[in-house]
Amino acid sequence: ASTGAALADGPKKVVFLVNGNLGDKSFFDLGAAGLKEIKAKYGDAVETKVIEMGTDQTKWMPTFEDVSEQDWDLIVSSTFEISDIIGEVAPNHPDKTYVLVDGVVPYENGGYDNVYSVVFKQNEGSYLAGILAAGLLKDGTIPADQGSSIGFLGGMDIPVINDFLTGYVEGARSVNPDIKVAISYAGSFNDAAKGKELALAQYRTGTAIGFNVAGLTGLGQLAAAKDVGKWALGVNSDQEAIFKESDPAMAAKVATSMVKNIDVSILRAYDLFLEGKLPTGKVEAIGLAENAVGLVETGNFVTLVPEALKKQIADARAGIIDGSIKVTSAFGLETDKLNALRDSVRP
Amino acid sequence: MTQLDLASLITFIPAILRVTTPILLAGLGVLISSRAGVLNIGVEGMMLSGAFAGVVVSAATGSATLGFLAALVVGGALGAALSFAVHVLKSDLILSGIALNMAAAAGTTLLLFMLTGDKGMSGSLSSQVLPSLTIPVLAGIPVLGTLLSGHHILTYAAFLAVPGVGLFLMRTPMGLRLRAVGENPESAEIAGINVRRVQVGALVASGVFAGAAGAFLSMGYVSWFSQNMSAGRGFIALAAEVMGHGSATGTMFASLLLGIAEAASIALQGVGLPSELMQTVPYLVPVIALVVHARRRQRLLARA
Amino acid sequence: MIRSAFASFVITAVLLVLVVGIVLVPIAMSLPDPLAVLDTFVFGPFRNPRHTGNIIEMATPAMMCGLAVAVMFRAGMFNLGVEGAFFLGGLATVATVLLVPLPAFAMAPVGILVGAIVGSSVCVVPGYLRARYEASELVSSLMLNFAALFIGLFVVNYFLRDPAAGAMVSYKIPNDAKLPKLIAGTRIHLGTLIALAACGLGAVYLFMTRAGFEARIVGSNPSFAAHLGLPIRSILLRSQVIGGLIAAGAGGIEMLGLYQRFSWQSLPGNGWTGVVVAILARDNPILLIPAALFLSYLQVGGDLIARNFDVPSEAVGLIQALVLIVVTAQAIMRNPRLLRFVAGSKPATNAAKETKAVEGGVA
Amino acid sequence: MTDRPIIAFAGISKTYGNGTLALDDVSFAIRPGVIHAVCGENGAGKSTLMKILFGLEQPSAGSILLDGEAVAIASPRVAADRGIGMVHQHFSLVPSLSVAENIVLGQEPRRGAFLDRAAARRRVEDLARRYNLAVDPDAVVRTLSVAAQQKVEILKALSRDVRVLILDEPTAVLTPPETDELFERLRDMRATGLTILFISHKLREVRALASHVTVLRAGRLAGDAPLAAIDDEAIARLVMGQAAGPALKRGGRVSGAPRVQLSGVHLKARDANDRIDGIDLTVHAGEILGVAGVDGSGQRGLVSLLTGRAQPTAGSIAYEGQPTAGLGTAALRRLGLAHLPADRFQDGGSKRMTLVENAIAGAHRLAAFSSGPFLKRRAMETRTEEMIARYKVRCPGPNAPLSALSGGNAQKLIAAREFATEPRFMIADQPTRGIDVAAAAFLHERLSELAAKGGAVLLVTADLDELLTLSDRIVILYAGRIVARMENEPGLTPERLGPYMLGLESAA
């Protein structure tokens, strides 16, 4: 189905509904950045707005209903939690177009011709991060006295976080089948101090490089890495860049970041929408092939990573894109299987 | 924690002290306010605001000291604001504290956004941190060095503040007045003490401690401010004060216990039990400790 | 009496306008249409039945949590377990309707009942520890809230998680278990009636039954209760059980009334709202209703302006915080001069009457 | 000695925030160097006037002249600077602080930043020596007997170089020897030039101590005269607005079967003042057994044993022959116990609750006041109104909070509740402390009536007049033991009891 025909003249109106608050350095901030990019690209031809709905879930539905009744052309929101709500509201507003990032409505039930879902294969990006971490250890770029295992610091034990974990573990194993991964969950996404403490505990017990996937909590890992002189891997956006100016010493310990280009995907959705080519009525899973996820290959990456490892990463990337490498996803994975995976790499 | 030998236990100690520091600082703040009869529920918000002020001012001035002072001043000012609500407007103490927490969470995020265009964190600001201290001779000694040297300056400050606050409360004229006001304001009034002035002072002092606790988070633990980074530590500090039975040393031991429980839950993450269950440890240990303590006290009383 | 109640009401209203004005007007002035912002904040919630419905939906758990707090505070227990009880009650309700095979008509009542019983433990355990060991209920309830959160998350992760869902959420709540909606075009559900009834029953309990009377005696003066020979421990415990059941039941009602699945990943905050509402209502169950509606009205008005104008949601939070302080400000609300000004009568004459009444009683 | 008044009240009126007119155009003067008594019924406005003088309350109209000069006394601090000290009717000590800390509170000696404890202790010792009032400066106030606390209160007032000392019912809690001791001290102080304002309900004391009396009635000045110029009957008439009724006569009661028996009872208590150290005692039906003793001789322990709030550590208590081991207050109350507690607001009622609730509490489960789980509010109210009328409780109405009542009126309401159950065993603990003559006489009649109807009464009192008026038999407690038992024969005088109470003699 296509919504292009429904377009009228005048500036288009795009709204991004945040089911939480901005400032998470993740889904929400990246979504808001996507709207900024749309505005930057189209200027006066578009009107954009970001609405923070807060953490009280009972407020989300009323907001969606209000917004759907207003004259927005494109309504964007993200995370799986919002799927049920779009699932209920969208069929009542067939004249509106919805973009659901990192969530899916039940297309099999029908009636979702105005919803475009896009999910990110963060497990593919994390696979590369796993190769990088294990590779740096294996080839001695990180000397053995720094530690023998790699780390993973998650915000909570939830599917979207574990999707990073499965890819990360598999990538690391592809380099070193016996690699050990210290895994911790903070139980919170905004406690940087706790994040630092968890990271320090991992570094103290033999972790040489850790991957944080915990929003603002995860940034604590960078402070820990700086303190103990070990390595960190960022997530979602380029964490080296955040501190490049303000704290170069800390930025210097971020080997790379695994980025998830939510902003790019929203901009792309808007481009397609304008052209009348937005593939509504179905879900698109985007990953390395679409450049939707990947590693930051500038900054420290350039100087730190040996050419051989760079090539190994590039090969894996090609393998994933051509399908010769399959990366397990945590979505749909039973808790038992996930536990088995975690147990198998415990230091 | 694969092997539980002495060495790994010792490396555990700095972690305990770090986790304990903000709870202890804020707990001492709660202590001063509660002994004066004006329990400060707003520590959480004061902590958050202190963390924010420290980062912003140190970034603006390039001075960690000034940033730290700003954290103290902002904490104290919020103590004065709470006192204004309670003493002048005569609003409910608890409700005003809750309101202050709400306002601090909203206000710091809003100000952060206005200053940096980012609601999440202050990464773009080059803020300063307060140093850790290496104690010259001690640092060299094997076990003692790890125990006593190399901690953050505010960790030392927090533990040194314990006898300070204790002596202040128990041995100084002001402390005597403060306790009298908290226990029996009418009597204090009759003795010619300006009850309101003492309570204002206590709330300001309480705010200053909370501000220091906040500064430890944003200028010690990490070097930036992030949204809601106090993460409930103010409430844990309230618990520490109650568990400490209103004394400075009691508050210190309670904070240490809470710190140990938290540090243990962090260290135990490695053993592979469900992380959710590990995360209950810091909350269940204090309850158990409270009951054990209460039972022992009851038994002692029964025997007497 | 009625006149002075009316006077306080007028003062409240005027104050609110002032507070909102102080924070909102400067923001509104910077926007293209300042009047529309104020208009939306004040009247918006009543223009659209759905928004009016939002007030009532939001007030429903606030009333019940406020009631739970009031019942426990009245018995003299500073138990903050309402937050955790609400969370755990919601979870246990969902777990029951998902895991226990029940006929359709029994799902909601059994679910809520089980939820209430399981969830109430967060209030009852601190109550027991206090009654039995004199361990501070403030501390233990505060701590158990968090313990309940993580235990709940564990249960979701290991027993209720819908693996097909992309988040840590339970399977969908069966439609048969959901509470019926009462008014078309809104989400107002049966739970609202339950909450109103609960407040009424709460008032009956506290002021018209022997058990409630005893609880208030214990709460207002434990020594007096001991003098009378009241069984203080069991009264204390009974109050925490009642409070816990109400709070946890409220969690279950909220889940079956407004949610599709169990999807809380942090404490939802309703317990704190309950404390605020109870303090506003001075622990009076009937006053809980206007107090909860009032807070929800502020919230909906704030949401509307945040949604429709460039007003940051944090500014709304600031307004709400200020309002809380102002509406309990005795210096303003009980200011005799102000009351006299608004009510238009002189308390001096009242005083004379009262004095006479006192002296009349002497003869 | 000059005749110019040191203090003059000029047209003082006071209306409290709740509208109570406590003082209405009161004017009189106090000459320096005298002991000046102020009398009046409960609620006459005595304490209010003194609080105004001490800066705790502000007058609504009128002014105070000190040495002929109008002064505004804005706070106790100002009063202290002007040389006015006050011993309050209700203690104003901080229980967890030591005696010395309480006394220096507000003007602490310092050494550097710290409190100079040695200097504080010395200051207390000096004061104690100067005024001959022995106290232990390091004792924590909470652990002190009431009499000792009273001494601390006085020392605290004197510690600020006072010229005028206000004593608001200082003897209410003292035994006769202690009262005599206090009066000695007060006379000494007057001799050094101190002016003393003395408030009491006891005419005997007023006459023994003061040289001038002012009487307040319902907030107005009812009379003002040198004591030499006025007889007791005239004062009583001024106080009550009418002549006093005939005094109660004791005797004529026939005691019956043993109702409550204690044999070899011991109680180990945390507070040494509450210890019981081997007591054998029987209270019979139809008698009033008076228990005398210096405050802190074990009275509290005895009462808590008899009311089921403590269990004996050794020995046994029997109630009509049945052992009561393990029975709590509720069970004992079902057996017919009633208790008029010494601390009326601490144990006797709830200040925040209404008169109805206070009056019916405890009886609320009776069929008269409840049906099923519900209370019958109407019946409760009617019943309370009857109690208010019968016990002449001065109050704004049955739904006023107890806090709106003066202590005396609160006590009447509490008594009404405790008598209402027609108890078989009544413990009356300081039933008339701080209560005016008329109200006290009324309560005495009730106790007497109860005994006459066959009730057993245990009267614990520090007021020896009361003890001698009411009791059939008397036991004297000292340090947790009974040191004397006697019939209350007509010749018995307070002086005979004194040595036993102070533990100087023993006859048991």
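Per-chain numbering from 1; labels A, B, C and D assigned in written order.
Going forward, a contact is a pair of C-beta atoms (placed from the backbone, for glycine too) under 8 Å apart; a residue touches a chain by one contact, two chains touch by 3 or more.
Only a predicted model underlies this, so the values are computations on that prediction, with no experimental measurement involved.
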| item | value |
| --- | --- |
| Maximum centroid distance from chain D, chain identifier (CA atoms) | A |
| Between chain C and chain A, distance of the C-alpha-averaged centres to the nearest whole Å | 37 |
| Intercentroid distance (Cα basis), chain D paired with chain C, Å | 45 |
| Centre-of-Cα separation between chain C and chain B, whole angstrom | 29 |
| Overlap residues in chain B, where contacts from two or more other chains coincide | 109, 274, 276, 279 |
| For chain A, residues that touch 2 or more chains besides their own | 21, 157, 187-188 |
| Of all residues in chain D, the ones touching two or more other chains | none |
| Every chain pair meeting the contact rule | A-B, A-C, B-C, B-D, C-D |
| In the complex, chain A residues that touch chain C | 21, 49, 51-52, 54-59, 61-63, 65-67, 79-81, 83-84, 102-104, 119, 156-160, 187-188, 331-335 |
| In the complex with chain C, residue positions of chain B that touch it | 85, 88-92, 94-96, 98-100, 102-103, 105-107, 109-110, 113, 232, 235, 238-239, 242-243, 274, 276-277, 279-280, 282-284, 286-287, 290-291, 293-295, 297-298 |
| Sites on chain C touched by chain A in the complex | 50-51, 54, 57-58, 150, 153, 157-158, 161, 163-169, 172, 187, 254, 258-261, 263-266, 268-269, 303-304, 306-308, 310, 312-313 |
| Residue ranges of chain D touching chain B (in the complex, touch as defined) | 54, 56, 75-77, 80, 86, 88, 92-97, 101, 105-108, 110, 113-115, 156, 268, 270 |
| Chain B-touching residues of chain A, taken from the complex the two chains share | 21-25, 29, 157, 182-185, 187-188, 190-194, 196-198, 200-201, 204-205, 216, 219-220, 223, 242-243, 245-247, 250, 342-343, 346-347 |
